[in-house]
Amino acid sequence: MLLPTLREEVLDANLELVRKGLVLYTFGNASGIDREQGLVAIKPSGVAYERLTAEDLVVVDLDGKIVEGTLNPSSDVKTHLLLYREFPMIGGVVHTHSEFATGWAQAATAIPCFGTTHADYFYGEVPVTRPLSDEEIEADYEYNTGVVIGERFKTLDPLAVPGVLVANHAPFAWGKTASAAAYNAVVLEYVAKLAFRTVVIDSEAAKVSSRLLRKHYERKHGPKATYGQRDS
Amino acid sequence: MLLPTLREEVLDANLELVRKGLVLYTFGNASGIDREQGLVAIKPSGVAYERLTAEDLVVVDLDGKIVEGTLNPSSDVKTHLLLYREFPMIGGVVHTHSEFATGWAQAATAIPCFGTTHADYFYGEVPVTRPLSDEEIEADYEYNTGVVIGERFKTLDPLAVPGVLVANHAPFAWGKTASAAAYNAVVLEYVAKLAFRTVVIDSEAAKVSSRLLRKHYERKHGPKATYGQRDS
Amino acid sequence: MLLPTLREEVLDANLELVRKGLVLYTFGNASGIDREQGLVAIKPSGVAYERLTAEDLVVVDLDGKIVEGTLNPSSDVKTHLLLYREFPMIGGVVHTHSEFATGWAQAATAIPCFGTTHADYFYGEVPVTRPLSDEEIEADYEYNTGVVIGERFKTLDPLAVPGVLVANHAPFAWGKTASAAAYNAVVLEYVAKLAFRTVVIDSEAAKVSSRLLRKHYERKHGPKATYGQRDS
Amino acid sequence: MLLPTLREEVLDANLELVRKGLVLYTFGNASGIDREQGLVAIKPSGVAYERLTAEDLVVVDLDGKIVEGTLNPSSDVKTHLLLYREFPMIGGVVHTHSEFATGWAQAATAIPCFGTTHADYFYGEVPVTRPLSDEEIEADYEYNTGVVIGERFKTLDPLAVPGVLVANHAPFAWGKTASAAAYNAVVLEYVAKLAFRTVVIDSEAAKVSSRLLRKHYERKHGPKATYGQRDS
């Protein structure tokens, strides 16, 4: 079987979404890429998480050709593949319809950075894509979902802002690995929940200052990171 | 015992409502129909889910006559029966007072289709009935609850919109089978929750375009469905 | 030991509050009365639910004298006792700071009857007391909490409306037995949650008609009740 | 190993945050102090709660020097230490990003005392700090987070108001011991949740009277306390 280690990590990334309450039934999917071989392992479409095994994962190449697996890949596979091609620094992609992030996506509203929880993981607002045009929906919908994400990130660093809201749809998140992508999807949902509470309490709540944003982001990322045990 | 297989499926549909947090105490009920025999198996009234067995289910004919069972059927049995008569393509009916769907029903407000989660399962808004008149309440309340649902669906396809909000009351959902009805009740609650979050974030949130609505609905339903493993 | 059966029921009523998520730490308390002996069994003050046993319950007479027990009774005991004296038809009292009912109590707002879930158990709005005066707070606070409840129920039937919101405080609920009181406290919290969702969706949501209110209440209560297995 | 008893209590205070749903992943931290020795035991930075042991805790002196431990202390250690120096009567400090309290902190809004649940534990509003200046963020961020808390408490008694919201950040709570600090953090989150519900129901909701505030606070604290079993 191809990519046994990646399969295990992608399986665990999928199950992390269940453990953290981000998925209902078969909603949502996670994938991971082996950059050397140019192969992606992704959740099959419509398979229950309780029964999911590493063997069930479908391995496709970057053009979407099934290389190994007897099941259909996630119906969102073309979005995943476009993200891997557009963002060469990422190693995992996660898509969910998690409750609060989807609320923001359905409102077609970027999540403002209201606090340090957000700033720790997303360097600025969680952006929202433009809606797809009727032509984009009709022609090649899942591919074009990736296109509008790529468009939105033309001036953004995907590792500094590891997630996005697709308007009228739901969030995508990513990271250096499939595990990191799942982690970022969970944090994105948490940040979306905090921001929801914040705007209810004060609809005019102010965003954090650019100084505080940078401070917190750099505590956890980059050469000056002080969080965790990386320096020890 | 009549209908042993249907009883098992209806029991499981009832228990699925518990597993997914849709019912408190004995609120809610699920039924299924054997179209050949014209018999319906339904939850007995006021029996705790923890103790519910397949044998406890009550079998009634389409006129409500008890054919097998020693317990009273759900007090909503007449609504179920009218739905089976009105919608010949359905095989299961579920009624709950689930938290968010009931919030919308109490506000007598249809749930707008704000996103693809909704569009995947409901082809358009989740409609709301008109309130029952005083005469309808007095004369034959549970039957008339079915009447106002039927009225609301005169121009709708019950399989394309597998649920409804009864004004000032709560949701009903249905499907080709009792399992599908329970699944649709769970998804309806999720969709109601997402829509609640959406209107709080933006009270003027826009509905999805008709193109996106059709695209997502057709990804999961009909001859062009690409979701899941049905093509494999 | 006095009242072994009542103690078991009161213990279970207290634990039901935990099972249904109505209490945090030692918040909340349930009691039950033996009307023949004029004795009340009540939760001791500040004891963790996990460790609570039937023996820990404190038995007091209707004047608050401890008849059996080595622990202090709940600090709200005087409110319980006044309710037993004012409402001779009740057999159990429950007090919680449950999340949504307390939200309404803190807003000093009665819970309007927006739907049939509410109408099934509360015949009309869940009323709110007036705030206590400074003198009432100072002189005999817990007793006067009962006084303002009694005042509010001068024209209400405590069994038709088995609960109340004490302004700036939290709910009390009651019933014919301690079990019924706990059940009503759980339903009150659920009704408070549904009403919260309703007013967020539509701040002008309409109350149910008096006809629908009566219909649903009578389905579950009184001589014409059709719900459950009582007629079988 | 130094401070074995304190380590166990601080470990349990950290785990209480998990048990009560206040932390996601490694967010949040608890510490405790041995006043005689002037030593603080604190959670290491970025270590998963599931794996956390008493041995993993880091012991630092009040200047932040590591006295025992091989891991990095929590990145918030300087805030904890300043609080121990500013508030000589406290024995434990907890920091979380709990959902509702962080919502209020992000809205930079003090939590008004809307009810007795709040009054039982916080004698007045839960205050919010001013935002840190750019200079304070740049120079010594975690230390200055403690500075703005201390500033806000110049005229407040830290044991009567055992918590604070840091604007655009999240809550800190404290108490006479690490256990009490964790307990207060849990209650603060509960109070924040109740107040959220209250302002949604009535954006003009009134605060409790000063008499009611004092009455409830004194029921649980001080020489006239009547709650619990302390007098028995």
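So that you can tell them apart, the chains are marked A, B, C and D in the order they are listed, and the count of residues begins at 1 in each.
The criterion applied here is as follows: a contact is a pair of C-beta atoms (placed from the backbone, for glycine too) under 8 Å apart; a residue touches a chain by one contact, two chains touch by 3 or more.
Small disclaimer: the values here were computed from a predicted structure and weren't measured.
Comparing the CA-atom centres of all chains against that of chain B, the greatest distance is found for D. Judged by shared residue numbers over all numbers used at their interface, chain A and chain D contact each other through mostly different positions, with under half in common. Annotation: 46 Å between the Cα-based centres of chain A and chain C.
Averaged C-alpha coordinates put the centre of chain A at 33 Å from the centre of chain B. In chain A, 196, 200 are the positions where the chain touches two or more neighbouring chains simultaneously.
Taken as a contact graph, the chains are arranged in a single closed ring, with each chain touching exactly two others. Chain pairs that touch, as defined above: A-B, A-D, B-C, C-D. Chain C contributes residues 114-117, 183, 186-187, 190, 193-198, 200-202, 205-206, 208-209, 211-212, 215, 219, 226-229, 231-232 to its touches with chain B in the complex.
For chain A in complex with chain B, the touching residues are 24-27, 44-47, 70-72, 75, 97, 99-100, 102-109, 131-132, 134, 137-138, 141, 168-170, 196, 199-200.
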